[in-house]
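Presented sequentially are two complexes of chain A, the first with chain B as partner and the second with chain C.
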Partner chain A sequence: MKRKRSDGLDPRLKLIWCLVLLFTALLSSSLRTQIIIIALVFFTDLFLTGSVKKYRILLLIFLIVASQLFLMQLLFNREGVVIWQWGIIEIYSGAMSAALLGVLRTVAISLSAIQMMTWTPSEDAVLMLIGYRVPYRYAMLITMAERFLPLLKEEYASISDSQAVRGVAATGLINRIKMLPLTVMPLIYRAIRRTSEIALSMELRGFGKSETRTFSKELCLTTTEIICCFLLLIAFIVLNFYFHI
Partner chain B sequence: MDTALEINIKSLTFPGQEAAALKDIALTVKKGEFIAVTGASGAGKSLLLHTLTGAAMKYDGGLLDGSVTLLGKDIMELPLPAICQYLGYMFQEPQNQIVSVSVGEEVAFGLANLGYSREEIACRSNEALSFAGLQGLENRRTTSLSGGQAQRLVFAGVLALSTPVLVLDQPGAELDRQGKLKLYALIRKIHREKGVTVILAADHGLNLSDFADRVLVMEKGTLKKAYRGRDYPAPPQPVPVPYSAVKTKETVLSVENVSYAYQGGVLGCEDISFQVRRGEFLAIMGVNGSGKTTLLKLMEGLLLPTRGKIKVFGEVMTKKSAFALRAKIGFLFQNPDLQIFADTVKAEVAFALKNLPLREEEKNARVKKVLKKVGLAAYEECHPQRLSRGQRQKLAAAAALIHDPEIIIADEPTAGLQEEDCRLIMDLLTDFRAGGGTVILVSHDPGAVLAYAHRILLLDHQRLIADYDQGDFGGVAASLWQGGGRDEEEAV
Partner chain C sequence: MSQPKELTQNNSFFRTDTKALVGSVILGIVFVIACQATGFIDNLLPTGKAGMYLINGTCWAFFTGIIALLYRQPAGLIAGEVEAIISIWYSPLWLAFVFANAVGSLGVSLVAKRYSMEKWSHHILAQFFCNVLGNAVVFVGLIMIFNLPVKVALVETLIVIAVCWPCSTVLTKLAYDGLSKSGLVK
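Moving on, here comes the complex of A and B:
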């Protein structure tokens, strides 16, 4: 597995970075601040992982969310003066800026959270949760998700193919919706069977035997990371509560 | 010699079921013995192994009348997670046992649960990986492993626990013949070198007398017969079924200079050409990664060639024509669970008739006929998921045959099945061919191919390297049956 620069950082530092960005985006009503947060996410990602391609998949989702937010604001926002009217529909001057702020804030919050998730290897996330006193039996669900979600996706594709060759039309949105029970049922049956076997296989390898278990590494914040954590917290307090950015 | 396991099962019953799932089994397994359990699908082999771990009672809710003693300890008094100190257990499907993201973490999983130190874990994991031939792959993602590697990884994880007893449930069920022989060689090695007691539900087609001290044959939940290992008969060499030559020259499917490249330029298959005549029983062989699956998807119309064309009954397979052309083809998959969705066996089979202009009575009559043919007539109101794996594969065969297709494309239809079920599925295909149908079988089971097919296409490195007619391929298939040829890792 290829290591990225971000892998070397302690997950707690990443968590603080994420929370600082996230709460700043929530507290600030400035468009400029939201844009800076988004830029920071991209810049740090480029520096630490060398690529921002992973966000491409979100573009369509963001466009859908943005169109909904714009529509809602244009229809229901009553701030400012009326700039356009057609029958009972009135559009106010404050609607555009409120919609824009809403969209940028949603993007900033989502990107910060996704950055945290993609930066943190599942093993680190597990160790961090255990550090916060989450029992390892639950914390390890993160690793399981990373292992089994792609498998589930692959299985769904195989099931769709199998049903398609049996004569189920798989093209077009309507057909796909109609086909859903035919693909979801085998997926559920398989998932139940698989879950039961996995749980048994884990128990038969001693999972849950003791309150603790050995992990391949331990988390340890370096002095630089501790200083970074403090600086981030100070910056957050100063920028949000003193300068009100 | 001390006793490893003392099994005395008067009956094992599950709530809501009157009949005992296991009954009258009395068996003593000595330390260092190698026991192979065999029998038809549904005979109770896996359940017996489950009972030895205690899972049948503690996990599946079975009620045991009798006792199982593991190294002097009553199995009912050992909590499930404590069993791994005495007994290592391996299931059939490796993908349902690998829980970690990396190979290194997976091998260490059991040891880490038992709280060993990091140094001890590293030492034992390395030893197990090296034994299983996976050294150097510690940092590989488990999702990137081939089927054989995944199975050996699971085996390494069990070995790392260094238990005195190993219980293995058809460990080679998902592997091609070469992979299976390789895995069994490893099991024999650990048995001989470390004196580990081995009890395994054997995969079909293996010469059990080569390694088992005793072979137990199960039937209907009980031990029917016990052999000394050396007395157990070797599996018969596959004998070709009598074959009437193809008289017609009608081409039902033609693949013309077909190439396919996946996204990112990864080659799926390259410049493949062949024709299939009506009434042929054609087998496509090749190790994993040789291009079989891509070729199959192209013939099914799930992928469209990047170059060349595929014609079914003279019509070119396109996105538009694929739907109509598939009505003339029946598909039988390796894993029946990918297609089963209905609430009853009857409804599952009847699904393919939904779009045909037939009267309800006619549809019912057809369903009954085909279910009788595959031996599932008694189960028509049963939920498909209550059937055994072999029965589910028969159900899938029934669903493929019901609409009277002209061609059947079968993808590894016998993988993971026991001898009897394999024969039943292959006989169904033979009957279908005898009735004027055409069979295209994708397989890496040389036994089935040698016995049933009349022509073999051999794929390697995404290319068609040989096209043998009846009579020419006996030597090739026999060599593959003996374990010759490249294995999947060399091909990947």
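Moving on, here comes the complex of A and C:
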């Protein structure tokens, strides 16, 4: 598999980059800053991984959120002056900019977090947590979550199929709501049963027996990465608390 | 209704055995799958189009409650954070969920430490804390992230609490009793 440039970076640097983008998006009320953050995410991804295809699946979610935010702001925002009125419905001049800020901030926050998640393999995340003195019994749960997510999704699909074979209707809104307890409850029961089996097999293999654990890979921040971390933190403080971007 | 001794007599706040830790991750993933399914249904409803995720909110409170009751802390916190982190892929409010899931779970655990969770009143109180604390954090998220007007965010939050509190209480009580009787959580 082709090695990407992002793979060589320390996860702590990636985390600081993500947090700087995230908190700048939260603190800033400027549309321009939000657009710059979104552009930064795309440019860094293109440079370090060569692709931004992974963000395509978020398009539908962002469209749903944008439609909700525009609807809410147009109906209920009371900033500025009335620019359009029909009966009791009044649209104010501040509604559009407020909705746009909400949408752009939402996109900026989501993209910066997803960038961090896709750049960082779960093994690196485990090592990072251990580096922050989190006991390995807790840190290693990250790899477990990554391992079991597709398995449990498959199990949910098989339960849904089984219910459909038994004649439970799965089309239409009401039927979907009715089907929820019929699919989720068996999944909970199976998950609890599986928990007992996994916990027993892990303990039999000595999980949690000793205080520490060794790993085949070790994280090491290079001097360049340490300088980058400091520069990012200084840039964050100066831009947000001195220039108020 | 009588409960197994393991559940009624163990009122400890913490539980750090391997089973609780594994259970927190596995049920955290089930929590994610259920929230995705309910979120999809909510988006089809008129209330969902207005940003009020009533079925999703009920599902959230139910899972937060049941995991904290079955596996205590820090399992409740871990499951909540698993859900919050994975929700980055499908919910822009994930940042609020990081804190909402934590405070909701802690609220349930505090009630579970004090009471046996055998009566309806115990579950009503636990879910009250879970819904109010969790939705209070989401209220801040609606203002800070979505940039919604304060009054709109407040009304949305109150409607979600009013609907989800009774629904999640009924679901949690029935599921907790069912799981206790099944013997799966011994």
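Quick notes
To be clear about the criterion, the second predicted complex is superposed on the first by the 239 of 245 C-alpha atoms of A that agree within 3 Å, B and C clash if a C-alpha of one lies under 4 Å from a C-alpha of the other, contacts with A are read in each partner's own complex, and residues count from 1 in each chain.
The criterion applied here is as follows: a residue touches a chain if its C-beta (ideal position, glycine included) is under 8 Å from a C-beta of that chain, and two chains touch if they have at least 3 such contacts.
Just so we're clear, the structure is a prediction, and the values are computed from it rather than from any experiment.
Comparing chain B with chain C, more residues of chain A are touched by C. Legend: residue contacts after superposition of the two complexes on their common chain; A:I198 is shown touching both chain B and chain C.
Once chain A of one complex is fitted onto chain A of the other, the partner contacts of A:T106 are limited to chain C, with no touch recorded for chain B.
In the overlay built on the shared chain, the residue A:M144 is in contact with chain B and with chain C.
Of the two partner chains, chain B is the only one touched by A:I159; chain C is not.
Of the two partner chains placed by superposition, A:A235 touches none, neither chain B nor chain C. Contact with both chain B and chain C is seen for A:F207 once the two complexes are overlaid on the shared chain.
Contacts of A:Y189 after superposition on the shared chain: both chain B and chain C are touched. Residue contacts after overlaying the shared chain place A:M72 against chain C, while chain B stays out of touching range. On chain A, the patch touched by chain B and the patch touched by chain C overlap at residues 144, 183, 185, 189, 193-194, 198, 202-203, 207-208. Of all residues in chain C, only 17-19, 21-30, 32-34, 37-38, 41, 43-45, 49-51, 55, 59, 66, 70, 74, 78, 82, 85-86, 88-92, 94-95, 144-149, 151-152, 175, 179, 182, 184-185 touch chain A in the complex they form. Chain B contributes residues 53, 55, 59, 79-85, 89, 91, 93, 95-102, 104-105, 108-118, 121, 139-143, 157-158, 161, 297, 300-302, 319, 323, 326-327, 329, 331, 333, 335, 337-341, 351-352, 355, 385, 399 to its touches with chain A in the complex.
Taken in their complex, chain A has these residues touching chain C: 22, 26, 57-58, 61-62, 64-65, 67-69, 71-73, 76-78, 98-99, 101-102, 105-107, 109-110, 113-114, 117, 137-138, 141, 144-145, 148-149, 152-153, 156, 173, 176-177, 180, 183-185, 187-189, 191-196, 198-199, 202-203, 207-208. Per the touch definition, chain A reaches chain B in the complex via residues 1, 122-123, 143-144, 146-147, 150-151, 155, 158-159, 161-167, 169, 171, 181-183, 185-186, 189-190, 193-194, 197-198, 200-210, 212-216.
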